[in-house]
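Listed next: structures, encoded as structure tokens.
Both complexes below contain chain A, partnered by chain B and then by chain C.
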Partner chain A sequence: MMNTKVVGYIVIAVGIAVFAILAASQGLAVTLGAFFTIGIFSFLYKDNPYYKFSEAAFVGISAGYWFVSLFWQNMYSKLFVGVGAAYHTTFVQGGGWDDRWMMLIGGLLGVLMLMRLFPKAGWISRWPLAVVVGATAGLYFINYFVSNGILQLGASAGPLQRYDAAGNLDLWATISQAILVIGTLSGLIYFYFSKEHKGAFGGVAKIGIWTLMLTFGASFGYTVMSRLSLLIGRMDYLMSDWLQLIN
Partner chain B sequence: MKREVPLIITAVVGIMYIFQYFVPHEPVSRFSDWFSDWFGIIQAFAIWLGALNLMKLSLLKVARRKKDWMYSLVTIIGFAAIFIVGIFFSRGANFQEPGTRFMFIYDNVYDPLSSTMFALLGFFVASASYRAFRARNKEATMLLLAAFFVMLGRVPVGDMITKEWLQLPHWLWLSNWADWVMNIPNTAGQRAIMIGIALGIMSTSLRIILGIERTFVSGD
Partner chain C sequence: MKVLHKILFCCLLAGMLLPASGMVAQVVDSAPADSAATGVAGMMAAVRRPAPPVNAGAEDTPSDEGHSINVFWELSADDRPGENLVTGYRILRAESPEGPFRETGFSSAGEKRYTDASTVPGTDFYYRIETQTAGGSSSSPVIGPVRSSAQWFNFNILNLFVVGGIISLFIGYFIASAKRGKILFIRKIAGLEAVDEAIGRATEMGRPILFIPGIQDMDDVQTVAGITILGRIAKTIAEYDSKLFVPTSRSIVMTTARESIKEAYLAAGRPDAYSDDYVQYVTDEQFGYVAAVDGIMVRERPATCFYLGAFFAESLIMAETGHSIEAIQIAGTAMPAQLPFFVAACDYTLIGEELFAASAYLSHEPRQLGSLKGQDVGKMIAMLAILAGVTLLTIGSLFNVGIATTAGEWVRDLFRLNQ
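This part shows the complex of A and B:
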């Protein structure tokens, strides 16, 4: 009986040969994409070395991708270019103070963030962290207040009667609008946990649960559709772009 | 210094961000612009921390020949490859232009890997659907019905059944029911959830800005 290790080596050798032949015939770029696509899909069989290889590559490349993107978009464009332009304005052109000098404070805070790498000076990284936390808290407060709070309440608070183009009462649209308003209010009541869900309050909360169940069902169905659409996209990539079996 | 200064910074930055919404003029708007730029620069430095940490853990695993160390080596090589290519060989700040070496790796390695990771969820979602969509009680039945209308109404076979095979009137076509479920009950529930989230986030943000919530400065 053949050793399992030997079988493994044969599988790897055959796999490399197949991919090499396909890379030569279909192109290196598309074969590389197909190699990693099949690697991730191989998890459907079981957790295996091919999947682990693709997963490890994904981790490294994702980290590198974000590193490079943030370096060019934030560190280079804002800090290096900004301070360089400020230097030019102030010292070369003699134009005095330039607001972009303030980017140096951002750079200093960024360097302080790296102090986390040194255990004794790690506490100082809380200063840049405080800027991030404060900015996020302030930004989220306003964004959610406007987009999730005011706009949603405004959209719900309106006349229930709906009319068609001829000016007649549109019964179905009116019923739908009533369901929309009742559903929103009852859903909010369900989320109010400071009072026990009993009696009339409990009855309204029950309607809230039904509304939320319909929402979760619709959202779940929508998610299933989007995931399957991605799956179809990947299959199309393998069958059409790579192997060119379908046009 | 260790606790008070970060709390003061958080309060000042947070209040300025809120204030600039109501007073979008100089000098308030200028402060918020600075904070936004600093935020971006700190983010870029923060990813250094993450990347260095990942590299440290992976290198230690390789050096000590721990279990599955060879996959950590793949992670290191993957990171180094896109890092070197993206920083030195991809037209600098125009690294995302079509035809750069960075975009070659993005299009042929990163994009297939990330899309397939999400596509893989399609299979697990299918088995999760089986468990979630069993009509055990009234609530589960409503979940099932909403998902049924949305899924069948959004594919051509849904309308084929109601329109061509059963020849039902226009208002009974599955695509119309799918639209109605998405626009009315789904919107109602989404609004309730969104308003609830807004209240939760606003109260948490206020707690952070006022220094009541201070977990991020806890520790040594």
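This part shows the complex of A and C:
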């Protein structure tokens, strides 16, 4: 047990020494980035104190960063500066209504949200939540209705046979259109919740889920490649920016 | 006259060699249009002052927010197929008829209209359209004043209003039916059948339940769906007296989740068992959040993990960690790129629309049930429209049946945006 502790301390001491030397030679910021990158990667071995430290630092720093970022982006630039500018336009220049006065509504909703800090007035904090959820549902209704419904519908409802520029039947384009129509219809049937998936209806729904799974398979491969590019990016950071092993 | 031609020719040659084309324009503009004569006809044609566009006009763009004006014209007599004389039309704008006119846009040769999308509602604008050639330009008379204004209704998407209205009417009808006590059938959804079983397993094992409502804010409908399901799940958890943990990456999601769980505990008759500590804000940073959630998973070892909401690259990291601690995992999202990962790594996955149907299925609440049934009518309309459009247009095209093509195009146009 003692030996394990000693080995542990030696590993830590050597690690600190290595990082100190590299920090001196490659720069503190780059070395800190590498330190935390390796710390997060150490989770691949198992949960350990190095990972816990990196995790806590990452969470703490990012939470602080986001607080400051949101304060300057929203509270300062929209509420304080925006309303200040509206005041200037309306009262100093006499220019009448300024749209930036609307920012006050956001500010008021924010104040109402803070009411939850007072137990007796805590119920008021539900109002801004209701506004956010309700307004979101209303605003996005059209967007989703158009992108997920109307546009796909218009694109699918075309003739099956397709012709090339010379006016000859384009076999592959025709097959592609047929697959699109069958996939869309069977997919819609799969997502039809008012009828049990049995008999012929269930058979078509099965084609729908197979279509979805084939799509997911293709998407899986594509997305894995993008994840690999993230890994390559980190490795490049460690090897090029930090250790400078690759030019 | 010959001397004048020679001088002109020399000037043109020099102009071609000079990099500053503006000098050429000045030279040519100063020459009378009819001076292009024999001997240098081809070259002169390229620099002759073009005919201006005719019948130019401008109007406020209909059915918009009031920030654009449509400018239109008939092509210049020199803008003809086979002649590359006209290079395009310069659209100039001013706030008074005397100017100064500044360029606000450019349209290629053959174009007959331009949308100026940088107008200020309520301000008068004046336009001029200049036909451009390599060597000169000629302008239409001043058009205006034209004023842009916002319209209350966008008639370009009237079809959207009609289709949406019909579906909304059905939703209203089904909600009313459900409230009257009519039983509305919804088919079984595999992942949801397992919810109670998964919570029961966690209770028996004495381990907590982890719920991740995605990493987006409450302005994402998937988060809203996730939180709605959380309310239903929390009620069962309260009844079973299990431990729940909900780390969030958005402060408003944290507040909403707390409200939802609090109500669920109240509905279960166990308000005393509720604690704000069930829901914690971690960080807005995507990978910082994942690092924390992974840490929670391996330390708390939840028996059941729910991932219901909007997810991005973190989906596989969390699902893989959940898999490594042998938790039952139920996921649901409408993010197409993340669904494959959940399908691969989780026990049950709610695919897209199933996530939105889940809360209605679990709660059997009249409004949600009615909404789901109304949406099913919408899907039925979509299926019929696709079938009708495809059949009519295919028959029309194959057998040259005009009426079938016309009817098919009418069906298709019902689902096209005209903006």
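Here, the second predicted complex is superposed on the first by the 229 of 247 C-alpha atoms of A that agree within 3 Å, B and C clash if a C-alpha of one lies under 4 Å from a C-alpha of the other, contacts with A are read in each partner's own complex, and residues count from 1 in each chain.
FYI, contacts are C-beta pairs under 8 Å (C-beta built on N, C-alpha and C of every residue); 3 or more make two chains touch, one makes a residue touch a chain.
It should be emphasised that the depicted structure is a prediction, and the values quoted were computed from it without experimental measurement.
Of the two partner chains placed by superposition, chain B and chain C are both touched by A:63. In the superposition on chain A, A:158 contacts chain C only, with no contact to chain B.
After overlaying the two complexes on the shared chain, residue contacts for A:213 are found with chain B and with chain C alike.
In the superposition on chain A, A:24 contacts neither chain B nor chain C. Residue contacts after overlaying the shared chain place A:195 against chain C, while chain B stays out of touching range.
Legend: residue contacts after superposition of the two complexes on their common chain; A:14 is shown touching neither chain B nor chain C. Within the superposed three-chain model, A:234 lies in touch with chain B and out of touch with chain C [touch as defined at top].
Contact with chain B, but none with chain C, is seen for A:32 once the two complexes are overlaid on the shared chain.
When the two structures are aligned on the shared chain, A:114 is found in touch with chain B, with no touch to chain C. Counting contacts as defined above, chain A residues 40, 43, 52, 54-55, 58-59, 61-63, 65-66, 70, 113, 116, 126, 129, 132-133, 137, 139-142, 144-146, 149, 153, 156, 181, 184-185, 188, 191, 212-213, 215-217, 219-220, 222-223, 227, 230 meet chain B in one complex and chain C in the other. Chain contact summary for the complex, chain A toward chain B: residues 29-30, 32-34, 36-37, 40-41, 43-44, 52-79, 82, 99, 102-103, 105-107, 109-111, 113-114, 116-117, 122-123, 126-135, 137-142, 144-149, 152-153, 155-156, 176, 179-188, 190-191, 208-225, 227-228, 230-231, 233-234, 237. Within the complex formed with chain A, the residues of chain B that make contact are 2, 5-7, 9-18, 21, 30, 34-52, 54, 58, 68, 71-72, 74-83, 86-87, 92-93, 95-96, 102, 104-123, 125-126, 129, 132, 138-140, 142-151, 154-155, 180-199, 201-202, 204-206, 208-209, 216-217, 220.
Every residue of chain C that touches chain A in the complex is listed here, in rising order: 160, 163-164, 184-189, 218-221, 224, 252, 255-256, 259, 281-285, 287-289, 291-292, 294-295, 298-299, 313, 316, 336-341, 343-344, 351-354, 357, 361, 372-373, 376, 378-380, 382-383, 385-390, 393-394, 396-398, 408, 411-412, 415-417.
Put simply, chain A touches chain C in their complex at residues 40, 43, 46-47, 51-52, 54-55, 58-59, 61-63, 65-66, 70, 113, 116, 125-126, 129, 132-133, 136-137, 139-142, 144-146, 149-151, 153-154, 156-161, 181, 184-185, 188-189, 191-197, 212-213, 215-217, 219-220, 222-223, 227, 230.
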